[in-house]
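Below, chain A partners chain B and then partners chain C, in two separate complexes.
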Partner chain A sequence: MTKFHYIGKPIKRLDGFDKVTGTAKFMQDMEVPGMLTGKILYSPHAHARIKRIITDKAERVPGVAAVVTHNDLPPGIDEISGLEPGMVLPPTAVPPYLFRGWGLQPDAIVRCMGSPVAAVAANTEEAATEALGLIEVEYEPLPAVFDAEEALKPGAPQLYPDVPGNIVFDWKQEMGNVENGFKEADLVFEEVGETQPQSHLTPDTRGAIAWWEGERLVICTATMSAYPSLLPAMAAAFKLPESKVKIYGPPYMGGSYGGRAFNEACFVLVAVLLARKAGRPVRVKLTREEDMLALTRCSTRLHAKIGVKRDGTITAVEYRAFLNPGPWFYPPWVNRYFTHLFKVIKCDNIKARATLAPTNIPFSGGPFRGFAYMEAFLVAQPILKRISQQLGIDYLKLLQQSFWRTGDKVPNGPGRYSVLSSSGIDEAIEKGRQLIDWDGPTGPDEYIGAGYCLPGSAQFPSNVILRLNRDGSIQLETGVIEIGAGQYTTLTYMAAEAIGAPPEVINMTRSFDTETQPWDGGQRSERTTYSTGLAIVEAAKELRQKIFNVASKKLGAKADELELEEGVVFVKADPAKKMPLSAVGLPIVATGAFVPDPERPWASGPVVSFVRVTVDKETGQVTPTKLVILNDVGRAINPPVVHTQNMGTLSAGIGYALTEEVIWDSDGRVLNANPQFYHTPTILDVPDFHSEIIEPVDQIGPFGAKGAGEKVLTPTALAISAAVYNALKTNVNTPITPDKLLKALRKTE
Partner chain B sequence: MKPFQHVNASTTDEAASLLHKSRGKAKLIAGGTDLLGILTDDILPAYPRTLVNLKTIPGLDSIKEDSKGLRIGALAKLSDIAGHPVIKDRYPMIARAAGSVAMPQVRNMGTIGGNLCQDNRCWYYRYPNHLGGRLICLRKGGTICYTLTRDNRLDSIFGGPEGCFAVCPSDIATSLVAMGATVTTTRRAVALQDFFTPSPGTILDADEILTEIQVPRPREGSRSAYLKFRLRKSIDFAMVNVACVLTVEGGLCREASIVLGAVAPTPWRAKGAEDVLRGRLVDDAAAEEAGQIALANATPLTMNKYKVAIARVLVKRAILASA
Partner chain C sequence: MKQRTSRRPTVNLVINGNPQVLEVGVEVQPWHTLNYTLREVLSLKGTKVGCSHGGCGSCTVLREGKPILSCTTLTIECNGASIMTIEGLRDTSVMTAGGMRGTTTGNLHPLQQAFIDNYAFECGMCTSGMILSAEALLNSNPDPTEDDIKEALSGNLCRCGVYPNIVKAVHEAAKVKKND
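Take a look at the complex of A and B:
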């Protein structure tokens, strides 16, 4: 085993001191001299045409500098595609129009309740709020549709004239021969399941400050996807080269959980338009309620049919999925979802069809922890519970059929496969069985469940610059923002290890800045440690080579005879001949890049959750009492951070399984856009848990690291759902709230 | 929030007089945990010009006990009540109910008076003005109660006599009514049970202030239980709560007081269940029967039948816990 100087052991987080002392700056703290406050007016209708909008009175309110409506949008904004490099869509798909559905719309149609219809910039929040109340809007309500399957029916309300039948995306694919597969089956199981929208509920809400410097646009916002999404979107919206748009972030982001990606453009645009009209910087900071309306997890419905032999062998799988993103477009989401459908249950014969239909539910369809695979796993995997019960086969045994192991070709995109570089699944299952005492006794009303998933990953490039200063200290520039998952610490320590210099002399630039920091694919899909890490390893190689080239003259040895460890350059054969990095005496710059290559094996780590719950069959309440998480992260660069990531995400898994849902009524109105009625688990709702790191040998990622974090949500929700199945002998859609559980009990009894 | 004046009152009379003079344009503020949410979300058509601060009135937060019972000033904080040694010892149900409210931060600010006088939590009534406009429901002078035809999972299972189906959200009210508490206002003294009305929630006139809550000493040998059902172990309002006080002598129930909360526009006394227990051996069968009787007259709406089932079980469990 390789011996590491800096990584693989508990490391004190570099952001820890700033955060506990309150000196860390988040979006909430950002200010620009002369900035105005922007406030947004939202639609009271789920679907309506704006017939008239009068802003005169609002403009006359003292302190108001600008009022914007759809009339202030730059031309062509609704034709801008949000397709990112590397994303594949079927040819029939409608482009992922980034600015449609939520935000000011050039056709003056609001398509969900809580979509912006106007915005005001003023000296004070009070003046802006007063002005909002004076904007007169006349609406012509239009018929609305809230269900994707309904939206596809003839006669359903149409959302976009250029999207006939509300079909944004309809994709079919077959692997093997499903018809024959069903013929081989002894039994066929069918089930329909749904997944609910979930709110990100990040500690800090969305915010942006924008201003114009002539024809140069400057935006300060906490996004996890500045370079691949927001930058091209803003450049396209205002017909500017990307070099004339500067987007930078605050030093820290108050959590993203997936919610700060491509969708940010719709919201940031409001601040940019206000700033352009006011001629001054404008800050728009959403309230908690607004933030909860501004994006949720996509809701889905999946019809599944599974053919199985009596010994549990799965012979055929057929899926029909309906995806409801609200009025927004995001076909790449379906692309991902569709891909993952093929890997939830491993079978040679799989047929799937997925259709994405826009509706008038609130803005949805955005990325969330477990982006797109969570929805696929959460509905398809529970069907195995029914099969295991009916055939009398141990659930874990049945589940194991669907595990992907080292070297397996895993479906990864339409018609594409990737070789899985390593998998610690068997070790995880074995340890988990013991830790939860799978075969052991259960208390009264106590049930055990297990869940598993293999996450997806975002394959985007990363770039890194390393600069050696003349005093021997090193600047690490990455375009990465700390979203709370320990990015600054992890990357700094990986750089230290790769270079051979103490972490104390390395400073990682806080946050991204599209003007000065290199392009990074964003802090999403557990990609930063892996992708930016690989770029760091490459940059470190170049930096070391350049250092050796200079040092070779000073130490009287050839460059390839030198080594660099703990900040000291020395001759390998004669370590007494040495010099500190400060003696290099020259500033040196090195770069490194990670470019995704589909031919390369794919480093993805499975994760398994085991749970014990008690089910109160009289009240319908489910209470987790013990949780075990086993997370294959390849190599844990900083083990305590992996454990805290496990903990943070498992609570969202508990919430998704039991209590969390964005509730809208028959009018399309969100009723619980507040943390009081949106029941995200509190610390008291998280049971005793055990977090285990699984580290199989992996040759692909930096130091063998994969990703860690968001993937824990999916198996945790699945494990709870499987445990509840054991109590009820039927699957219940999440969240498994008392009303649903009691109803299911009445049916089965 | 919109600008308003903030006036510190030094006596309840002064506060009442400020309310009177304002002609409806002033609101009282104590802990503010309910009021600030109402103002931030701007849910009511009328916005107060003045907030009259009660926290500056000396002695209004006192907690005293004498031979008759407990006297709690309306400004006593929920955390102080939950942690008060005498209350924990002799009136444990009140301590438990106070400690079950919301979360520590709210209990440190929120007062018992505010908890009893808080506005309802119907999500249509509370819909924020800045998310597309507040809803003018029946309770605000409109013509529709939205819960009747829409999402009523959290609403009354015992009807809405004034046409409003929002439930009384107070945790502490349920326990106090079960204890036979009385209240004093700047204008009158009434049984707490009669203090609540379906709409607007309490009998208080626009310029009347709740000043004190009195709780009689529990009967010798009586036992009590307070159960609160909610999705999370903190923060949440009750889906259902039940307070039960039993006096059991020689195995037989002598006296019973059973009150349900969050099931009706006011705390709901289960008289039928109390009657069925009196003179009976308190066992599983009796508790079960009492639970059935307590909910026999329930008239759930389209989405809240589950509350009936939960309430029935909670009544049974509360009886068994206090037997």
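Take a look at the complex of A and C:
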């Protein structure tokens, strides 16, 4: 086994001091001299045309500096596509227009309740709020639709004139021959399942400060994807080169979970427009309610049909999916969703069709600790549960048929495959089976379940700069923001390991800045450790080479005869000939890059959750009593942080399975946009749990590391849902609340 | 402290041991929450704002040693009260220069140290409130059971979900405090 100096053991987090002392700065703590407060007026209708909007009275309120409406939008904004390089969509799809759906719309139509209609910037929050109340809007309400299947029916309310029939896309694909596959089957199982919108409920709400310096636009906001998404969006909106748009983040992000990957552009735009009109910096900070209405996880319905032989062999799979994202959609999500459908159950004959129809539900369709895994994985695994019961085959054996193993060609995008570089799935299942005591006895009303997921990965570039200072200390520059998963610590220690210098002398620049920090693909899809890590390894190689070139003269040896360890350069053959990094005496700069290559094997780690729950058939209450997580992360750079990610993500998984759901009424009004009424797990709701790190040898990632963080949510919710299936012998859609459970129970009895 | 000559009513607070006199109508309005006063008037940004409805606990501060939600407490209600925020926990009187090896950071409170040592945070937004709720618990119950800890912290949401590490950290800090 490779010996490491710094990584692979417990490392205290570098952000610890800032966070326990309250000195950590989040978006809510950011200020700019002379900034005004921006407030947004929202639509009270789910679907309506703005006939008239009068702002005179609002503009006359003392302290008000600017009022903006859809009339202030830059021309052509609704034609800006959010398609990122390398992203594949079906040819018939309507382009993924970035600014459509939520936010000010140039056609003056609001398409969900809680979509912005106007905004005010003023000296004080009081003045801005007063002015909002004085904006007169005359609406012509339009018929609304809240369900994707309903939206596709003839005569349904139409959302966009250039999207006939509400079909943004209708994607069909077949692998093998499904018709023959079903003929070979002895039994055919069908199930319909739904995924509910889940609110990210990020501890800090969305916020942005924007201002103009002549033709230069400056934005401060906490986003997961400044470079790939927000920067091109803002540049395109105001017809500026990307070099004239500076976007920087606060040192820390107050939670993201996918909620900061999308919809940032629509919301930041409001601050930018206000700042342009006011000629001063403007801060827009959403309230909790506003934030909960701005984005949730997608609402989907999936019909699944599986053909199976009596020995458990799966012969055919057919999926029919309806995606309901609210008024518009995040294009990469669709791409990943379709990819995952082909991955959930391994079979030679798979056919899938997914139709996306915009509706007037609150804005949805964002990633949530997993890029569409939950939505794709949710229904198929309960069917396996049924098959296992009917055929008397162990559930884990059935599940194992669908595992992807080292060297397998895994579907990775429509018609594309990637070779899986390593997989610890068999070790994970074996360990988990023992830890949960799968074959052991269960208590009264106790049931066991298991869930599995193989995540995808967002393939985006990363660049890194390393600078050696003359005192031997090193600056690590990336476009990475700490979203809470320990990025600053992990990347600093990886740099230390790759360079051969103590982590104490390395400083990683806090947060991204598109003006001064190199391009990074964003803190999403478990890509930072992997992609930015690989860029660090490459930059370290270059830095070492440059150090050796200088040191070779001073040590009287050739550059390739030198080594650098723990901050000391020495001659390999004669370690007594040495010098500290400070003796290099020259400032040195080195760069490294990660460039995605679809031909390269793919490092992705499967994850398995096992759970024991009790089901109270009197009250309908489901209580997890024990949870076991087994997470293949390739190599854990900082093991305690992987365990922390495991426990954190499983908490959101419990919430998804049992309590969390955004509820709206028949007018499309959200009824629980507040943590008091939207129930996420508290400290009382997390059961006894065991987290296990699986580390198969992987040759692809930096030091063998793969992603770790978000993938635990999906299998945890699946495991709970499978355990409940065991109890009821029928599927209950998540969240499995007592009322739903009792209803299902009555049906089966 | 500067002399006040105006006849305006004042709100008198002792914040982390420092007396503060706020003139009503100038520095504090009758509708200002304690959260607003701490963050926007006194620039004590360590107290966070999460939901402004008393639903998440991230704005927790201590009034006379008891945890309160600063987002649903009016500043004028606190006249005469002693308030402790996260900024008041660290002992900065021991600061010395010294870079890596010395301390330029002051002595951390046992709870602060235990939260670092037990990885009891991720994004860190709930941490100030979580630590202050725990401090109130340890002051009234120096030897809490796991259930006591969970009960005391049940009003503080951690959306990153690192609850088990938080329980461990509070246990550890209790031990350290007892031995002090």
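The criterion applied here is as follows: the second predicted complex is superposed on the first by the 747 of 749 C-alpha atoms of A that agree within 3 Å, B and C clash if a C-alpha of one lies under 4 Å from a C-alpha of the other, contacts with A are read in each partner's own complex, and residues count from 1 in each chain.
FYI, contacts are C-beta pairs under 8 Å (C-beta built on N, C-alpha and C of every residue); 3 or more make two chains touch, one makes a residue touch a chain.
This structure is a prediction, so every number in the text was calculated from the model and none was measured.
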Partner chain in contact with A:Ser666 - chain B first, chain C second, else both or neither: first
Chain B versus chain C as contact partner of A:Thr748, first or second or both or neither: neither
Partner chain(s) touched by A:Met113 [first = chain B, second = chain C, both, neither]: first
Partner chain(s) touched by A:Asp739 [first = chain B, second = chain C, both, neither]: first
Which of chain B and chain C A:Gly648 touches, first, second, both or neither: second
Chain B versus chain C as contact partner of A:Thr682, first or second or both or neither: both
Touched chain A residues, chain B compared with chain C: C
Partner chain in contact with A:Pro640 - chain B first, chain C second, else both or neither: second
Partner chain in contact with A:Val20 - chain B first, chain C second, else both or neither: second
Doubly contacted chain A residues - partners chain C and chain B: 287, 674-676, 681-682, 684
Complex contacts: residues of chain C adjacent to chain A: 45-56, 58, 85-87, 89-90, 100, 105, 108, 111-113, 115-117, 119, 121-128, 131, 149-151, 153-167
Touching residues on chain B, where the partner in the complex is chain A: 2-3, 41, 103, 123-124, 127-128, 130-133, 149-151, 153, 229, 231-237, 239, 303-306, 309-310, 313-314
Residues of chain A defined as touching chain B within the complex: 39, 42-45, 113-114, 126, 129-130, 132, 287, 289-290, 293, 618-621, 658-659, 663, 665-667, 669-677, 679, 681-682, 684-685, 737-739, 742-743
Parts of chain A lying in touch with chain C, wherever the complex brings them together: 12-13, 15-26, 28-29, 200-204, 252-257, 287-288, 483-486, 504, 640-641, 643-645, 647-652, 674-676, 680-684, 686, 689
